[in-house]
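First chain written, first letter: the chains are A, B, C and D, and each begins at residue 1.
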Amino acid sequence: MIDKQVRSPAEAVADIADGSTVLIGGFGEAGSPIELIHALIDHGAKDLTVISNNTGNGRVGLAALIAAGQVRKMVCSYPRSSNSKVFPELYRAGKIELELVPQGTLAERIRAGGAGVPAFYTPTTVGTVLAEGKEHKVFEGREYVMERGIKADYALVKAELGDRFGNLTYNKAARNFGPIMCSAARVAIVQVTRFVEPGGIDPEAVVTPGIFVSRVVEVPNAAHESVLVAQGVTYP
Amino acid sequence: MIDKQVRSPAEAVADIADGSTVLIGGFGEAGSPIELIHALIDHGAKDLTVISNNTGNGRVGLAALIAAGQVRKMVCSYPRSSNSKVFPELYRAGKIELELVPQGTLAERIRAGGAGVPAFYTPTTVGTVLAEGKEHKVFEGREYVMERGIKADYALVKAELGDRFGNLTYNKAARNFGPIMCSAARVAIVQVTRFVEPGGIDPEAVVTPGIFVSRVVEVPNAAHESVLVAQGVTYP
Amino acid sequence: MTVSTAIVGLSREQMARRAAQDIPDGAYVNLGIGIPELVAGFIPAGREVIYHTENGILGFGPPPPPGEEDPELINAGKKPVTIKPGSAFFHHADSFAMIRGGHIDFCILGAMQVAQNGDLANWLTNAPDAIPAVGGAMDLVMGAGNIVVVTEHVTREGAPKLVEKCTYPLTGLGVVTRIFTNLAVIDVTKAGFVLREIAPGVDVETLKSLTGAPLAVADDLKTVSV
Amino acid sequence: MTVSTAIVGLSREQMARRAAQDIPDGAYVNLGIGIPELVAGFIPAGREVIYHTENGILGFGPPPPPGEEDPELINAGKKPVTIKPGSAFFHHADSFAMIRGGHIDFCILGAMQVAQNGDLANWLTNAPDAIPAVGGAMDLVMGAGNIVVVTEHVTREGAPKLVEKCTYPLTGLGVVTRIFTNLAVIDVTKAGFVLREIAPGVDVETLKSLTGAPLAVADDLKTVSV
């Protein structure tokens, strides 16, 4: 019997090796798999390349992972926020690398990686510093930049419902990078709010088919980053 | 008020001009927008380039459109079937052009067109006759072929539920090319089984957001190609 | 202090109200962070507009009442929103397919600088310690159908934001079609900036002195109506 | 007619049953049209396998009883199927993302010819009036994790289908790892074809005479067990 359910976030992330490339879902706090990230902090894997839209807030979740010194490089579209001090300080100190990628290019690169497309062309960044050094090509008189697909060793994603096959739904705008990150990772690890039996998700409404998912762990009352930050919580 | 509903298939296709490029949904008969195709036959636009996975069966639907001499060129992955005589005869007689595209490349080209991606690389067809004359490029030691995004003037698609904004759901495997074809057409025309009020589709379960759709027409009891063929129906 | 009195011009709300008048009925609209966000509150009666946000919602509505915020129902500015009947959620690749694919009709953004050829700089200063952060700005300017800017006419330090050539790193080349400032409505044309409307109480010569590039004046120059 | 008696070998069902033994528990599997479709009926007890079909279903089940067919619930062969709890529908681009992206573990296809280097030809003959039709075959062979072929050992005319070099247009280069025929189970290795299992009643010399390329014999040659 196929059963992708694991018992705890700790078990779910236990094999993430030093030096891994890890996609981490979320746009700001929406969809941020905070319990999986905390498990990764406990686990201690270091020298990670993390691909995530932001760099976290306060000293919990993604910001805490970065503060713990486990991240060598961030691939990211928006690494600052009103409540984000960890990444800026390390970056200014030259202690963390940054690959800045426009948000839509980041999404498309991840989708391409999951879809077996090694590279594609986009108009985004043409004529800007972010296009420097990249291959350009003209189609129908318009210039485009070539961007590469992104594949990763792991993805950490937050979803809403999950079944033993790994089929998933999401909650509202927490969907964001989840589906494409699951597809681009060798091992997609997903925390769900609720576990359901097969058939508990309408096959018409499955957002991520289980084929893209390796492990599902139930986290019924996931923390919200903003709440933890407001409470002054730091992790660990 | 935004209202994309039109009253009849005839009204929905009335502005399709000679020489248009038209995406037509369906994989075999599943998802084939047969009433919209028949309206296009009545309308009479000719010299069309039609992009569709197959070429239809019997003398109804897509096969009838081809038989009517309205199609100059088919872009297609599988232009024959056990019950398909129209296309093979015209093709052997040199009266219709064929651009043969592998099914996955066809889908990705249509998705790319809708997503503003002018070209991408795929391993599919490398080393085969279908890659001849195409640009190749090596990534990480593996060879890939460059394929172009497809955009079209119109799409004819069959969906299940639709609202006045053009939000859509589909029925089972009839989903196939519908969502990507809607995105790649300047004007996406959709026949739905049932019209619902805004909110009648759960926002988590919308498959095609209305932004990709221009016109929706209700066709409550759409015909099935196989039934018509079995009854010996021909159109017109 | 007559100069600083003279250059107050429109309030943020008035700028948003004026920009809103340009949005056609039925448009799919993306609003940037800051003043552009205010535009949604001023759509003229009788028009229905659908808002898109990069993080995956089409058809969202105004902020919820205090206490009803949902941390997983936010816009691209990471502020709480609500949804209206007929909305849809989708993932980031689909969301930017809408943008890059040309499906967004109208996009209103903030700006650090706009050049007379329509070049836009709105993501990064030249400050040596600036953390580069681009978000979806470059995707929006290259993909959306019509890019307009809402911005103060000059910086807090009084420097022109409408310039001959951007000195900050560019977001996109030749993308801006119209600029709504606290002082004027200015079109970006092949011949450069053209003044279409001027704020009440502002005179053309003052405006020219606050603009860092030649400013042609439309034959039918109007006063901004808000 | 001793020769034709000798080369009957396995039935279509027996070929499918043997191929099914190779599918690991938990695999995501795509089955081609024809004999490969039969494989689903012979998965060994205790294994759970999830079937993918190019036209957008994961987790479909066997055909429905007569009269319960749904023309919009079909597989890539356009035959009616059913769905099982835990299935999912998706569009064609997502479906081929699964294929091209390497998410399908196991793919079983038919063949016109397989070359000793693993080249596969299964979409077009050289007949002058053939209508070219490729479907998803080229995507599958370039994307799926493991490509195996189930086919009669020779054509209806008695010509070898396992050959030194394909004469028909290729579907993909060097993609086939194993071939299940009515006479044998043959691996495609860097050194060419290697006979692993032979059908009951078939002798190696006869098999070699029906194979269009050199056929090495495994040290531990077995009889096909079905």
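Definition applied: a contact is a pair of C-beta atoms (placed from the backbone, for glycine too) under 8 Å apart; a residue touches a chain by one contact, two chains touch by 3 or more.
What you see is a predicted model; the values in this text were computed from it and never measured.
Common neighbours of chain A and chain C (chains touching each): B. Considering every other chain in turn, the ones in contact with both chain C and chain D prove to be A, B. Contact tally for A-D versus B-D: the pair with more C-beta pairs in contact is B-D. Centre to centre, using the average C-alpha position, chain A and chain B are separated by 34 Å. Separation between the centroids of chain B and chain C, computed from CA atoms only, is 37 Å. Centroid to centroid, with C-alpha atoms defining each point, chain B and chain D lie 30 Å apart.
Of all residues in chain C, those that touch two or more other chains are 83, 89-90, 93, 96-97, 99-100, 143.
Along chain A, residues 108, 111, 115-117, 122-123, 170, 172, 203-204, 207 each make contact with two or more other chains. Interfaces, counted as pairs of touching chains, are A-B, A-C, A-D, B-C, B-D.
Here chain B touches chain D in the complex through residues 27-31, 53, 77-81, 87-88, 91-92, 98, 100, 102-108, 110-111, 122-130, 170-180, 207, 224-227, going by the rule given at the top.
Contact residues on chain D toward chain A in their complex (touch as defined above): 25-26, 28, 48, 50, 52, 58-59, 83-90, 93-94, 96-104, 143. Contact residues of chain D toward chain B in the complex are 53-57, 70-74, 76, 78, 83, 89-93, 95-96, 99-100, 129, 131-139, 142-143, 169-173.
If you check the complex, the residues on chain B that touch chain C are 1-2, 111, 113-117, 163-165, 167, 183, 197-199, 201, 203-204, 206, 209-212. Considering their complex, residues 108, 112, 115-123, 137, 139-140, 142, 144, 148, 169-170, 172, 202-205, 207 of chain A touch chain B.
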